[in-house]
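Take a look at the structures below.
Presented sequentially are two complexes of chain A, the first with chain B as partner and the second with chain C.
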Partner chain A sequence: MTRKLAPTRLTAGERARRATIGGGARGAPAALLAPALVAVVFLLLPLLGLLVRAPWGRLGSILSEPDVLQALELSLWTATAATAVALMVGVPLAWLLARASFPGLRLLRALVTLPLVLPPVVGGVALLLAFGREGIVGKYLDQWFGLTIPFSPLAVVMAETFVAMPFLIITVEGALRTADQGFEEAAATLGASRMTVFRRVTLPMVGPSLAAGAVLCWARALGEFGATITFAGSFPGRTETMPIAIYYALETDPDAAVALSLVLLLVSVAVLVALRDRWLRSSVAT
Partner chain B sequence: MNAEQDAGLALDAVVRRGGFQLTIAFQVAPGEVLGVLGPNGAGKSTLLRALAGLTPISAGRITLDGHLLDDVASGTFVEAAGRPVGLVFQNYRLFPHLSVLDNVAFAARAAGHDRARSRRAARQWIDRLDLRRLSDRRPAQLSGGESQRVALARALAREPALLLLDEPLSALDARTRLDVQAELRRHLSEYPGPCVLVTHDPLEALVLADRLVVIEDGAVVQQGTPAEVTRRPATEYVAKLVGLNLYAGHTEGYEVVLADGGTFVMAEYVSASDVLVAVRPSAVVVSTQRPSGTSVRNTWPGVVSGLTMLAERVRLDIAGQPSVVADVTAAAVADLKLAAGAQVWMSVKATDLEVYQHTADGTVTSPADG
Partner chain C sequence: MHRISVSVIALGLAATGVAGCGSSSSVADPATSGSGLSGSITVLAAASLTESFTTLGQQFEAANPGVKVTFSFAASSALATQIDNGAPADVFASASAKNMDQVVTAGYVTSPTTFAVNVMEIAVPPANAANVTSVNDLAKPAVKVALCQPQVPCGSTAEKVFTNAKITVTPVTEEPDVKSVLSKVTLGEVDAGVVYVTDVMAAGSKVKGIEIPADVNASTSYPIAAVSKSQNLAVAQAFVTYVLSPAGAKVLAADGFQKP
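After this line comes the complex of A and B, so read on.
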């Protein structure tokens, strides 16, 4: 009985890898490998272009220009304010969506997460129609209090909150939904009121998800463009955030646009690093 | 006794869980430990949830020290947070984000005391349950026995008027179970209020409880002291739990005619007609030939249908009239070549038969009294 086997060489390293991780040959079939490589190149090439074309020599002087600093400062504080607002009202809403039961709950959940898929510019138009000077609420704010929201820093915060808050809500809601409610029951048997249970048990237990949701929300707010430019416009120093500054700089000073883009890229990388436990590791975990 | 009696716990209720329904009534005096013994899924945990206020009862009422906790008729219900009840959960449910000390201090914190004061109060319980060494640890760093102690300390720190334990030892491995058992017994004896412990483990119930209520198919089938229940099981389920052969039958003179076939000769005349007969497996003598010239009154043939190795003995399942479970030594199995299918004779002395009556309320009585 002669049977043809096909022996291959197994290096010591590969032997060890298979012994510890398990599994067989690692090589991917060409039919999968080629498109995968195309995807990688497509995703990374533009970023590479950014790094190659960056005006490294002028970087310091560009980034220390007053209007650049202004845009950066505006972006940072509005994104932070938007995140703070999202935490204050979004977390209670996430709790309600995860724990309460009332008619229309599912519809409400769909509606509050709508901004996730809504084109931001549509969000901007919607905000304008609600809070604009002729808007259904804005009209009265203007008439009664002399308060005009559009094209102000407040409008920037509102636009960013509108677009970014759903990220926080769905992250926290998911965590609340999967959290073991046994701990909350235990807290109740120890005499804790519902609010105490929320503060001392529920919130700490979803803490990591809360932090992840907040970072995600902040990153989304920082990069917000469409809703902001529609609802808040682009007044340098007042409503011109980084993404908007980049967009205009591309016409007048391309080097400045690239430099500003680098800053946002750096922030994005920092966000990824901050969330690595949550997003990256969980995807490779067993 | 009536439900309005002041001290202790009184329950007379129907508790529902999914499609299952448990009808149960009992009283527990201060300082008494009541063990509720029943199979898994019988609604035992739901019973504790009802007592703790986590699940309302479906009918009836619960009173504690004369105060209504739950009353379906009047719609009265005290929420869990408002009940002076300590519940030790089966899997402990220690807060993973808090240290042992802060877990124990939780009740005081929840009551609105500041951190320093709460921790001071908690330290008292930490010391009492010998947890000082562990007080800075997180629950994830505790062994099963340690977690159990922390859970008990956390529940006791609330100074509850009623203590509830859900399968307190089931999450422990066999080795630590014995240590924790002895310790838990000591803590329970120090606890001044009524205590209800539910379990499916008869040993746990026998060791820890002063009185037992056995539930089966949604109803109480037996109640009494552990000694009574182990000696005189009221149902097949209880007999299995405590490891006895149990037969139902009716008396004819000195004989009991068993419902499923066979007869036993009793040592003394019994006036009652319907009786239960309990036989210890170790009281059954097994021989390969028909015993002759013996004083044993009950001998009958059978066929070995199964063998199970126990710690020091072999348990034989023997089919016959009646079928019986008998414990013999491993040496006897070897000497007599007792394999499945072997023809054997069983003998039981009349004085080794425990004959008694079972009444509808779950108590058992001697035929002589009844």
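After this line comes the complex of A and C, so read on.
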């Protein structure tokens, strides 16, 4: 518990100070320990509630219902699709933000990461006004191609991508910034084209961050609610994702809501385990 | 610590004082909910009551200067769940007997009274591009329809209409409450939505209403009750009385509700 108890190395003053701080975890002052404990209890108690109130006996039957499997399947594939889109267009943007230099770069960075802090439901309204049937772009998609996006799985993927992609962008951009550009320069002087440098040197260097950003993006997409229900609506099997199914289940079958929540809790724990090397070690910076 | 507990006691005393004096005044003058009332109440009401109850709340506040009425409008099924989970509520007005029964069974409410009846209507965007003219048009695959969730009164009542008309309607979306359905219509994102006649009336020129013939239409009744655990039961009951009064009925009728 206390790693330095050797009395010879402490002055009288130090001993006195340590005595007053309650001897808690490495001598944390009580004034910090008490609120910290409140925070821990506050964060963990709801999860405990979920576990205690879980309908363990009915769990199997609830989770094998077709509606539930449908929602889970939809959530899993749309979140994966959203992550794939984010990787395809978000990583190049992250590179641009980290390496390029042009006027308005900082403004652009702020704008594209805005969805991080934007309430998702606002994102949903915005998507509707852009890609809805009466939207500034959606109107022409409808008129020219007969394509209407809202209320389709595509709308779910778009809503999830809108909300989740910035997580990938800032993670990868941060890694690109701190990566040693010497290797890229060396590759370039050895004759590699700029695209080859990006593919063979830059990407592998930021690989771990890329993976972490993708997992984070996927988790955020999986949990998306506000933008999805606003832009994609809700219909079982087509646009009703797990979070929406949970929201409605609370009105009809609270046990089912708890069971579905457990599934997402399990997924979240898995995400944390996947990212543990990145975040759960104090020595690693973002 | 001491200060907090003292103020809590003071608050408790004040609340009992208000309740005591309020109930005596409402006993003295039940119909017009006289002047002795004060304090604030929270009314959880079905989304379809948004316009009518906002008006009723203003009138009730005007008649009782010390009273403040706060509304929370949502799907009756969602509100019933909130009450079951301990949401602070003084009055519950549901758009179906089923959701009221839910809170009665749970013991939060006793003896609700039905104060209005509503029937369904089809709302289409003013241009009516999909050319919806009857209930049967809603069954066409090309027509994008928004409905309420099946557990929400407007959803279950719309389902009754389809059963009566012997059609199957596959909506593109099942919305959380009737106002969400209406907004999908006003935004032009769907070709039609099944809402209450009162919603079509409230939306004015933003939507066009297509009447559903009486022989296939379905209705839902609206019960109201004070929540037993209300911190301000006197005002809560006075508000219920006001809604049930001729003045309340007048507002509801003007908004398109039918008498029970």
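In this section, the second predicted complex is superposed on the first by the 256 of 286 C-alpha atoms of A that agree within 3 Å, B and C clash if a C-alpha of one lies under 4 Å from a C-alpha of the other, contacts with A are read in each partner's own complex, and residues count from 1 in each chain.
By definition in this document, a contact is a pair of C-beta atoms (placed from the backbone, for glycine too) under 8 Å apart; a residue touches a chain by one contact, two chains touch by 3 or more.
What you are looking at is a predicted structure, and each value in this text was computed from that prediction instead of being measured.
Of the two partner chains placed by the overlay, neither chain B nor chain C lies in contact with A:Ser64. Of the two partner chains, chain B is the only one touched by A:Gly207; chain C is not.
In the superposition on chain A, A:Ser101 makes contact with neither chain B nor chain C.
Of the two partner chains, chain B is the only one that A:Glu185 touches; chain C does not reach it.
Contacts of A:Glu251 after superposition on the shared chain: chain C is touched, whereas chain B is not.
Residue contacts after overlaying the shared chain place A:Thr239 against chain C, while chain B stays out of touching range.
When the shared chain is aligned, chain C comes close enough to touch A:Glu134, but chain B does not. Here chain A touches chain B in the complex through residues 182-183, 185-194, 196, 200-201, 204-205, 207, going by the rule given at the top.
Residue ranges on chain B touching chain A, taken from their complex, read 52-54, 79-83, 85-87, 89, 91, 93-97, 106-107, 109-111, 154-155, 158. On chain C, the positions that touch chain A within their shared complex are 75, 77-78, 80-81, 144, 146, 149, 151, 171-176, 184, 187-190. Against chain C, in their complex, chain A makes its touches with residues 128, 132-134, 148, 150-151, 229, 232-236, 239-240, 247-248, 250-252, 254.
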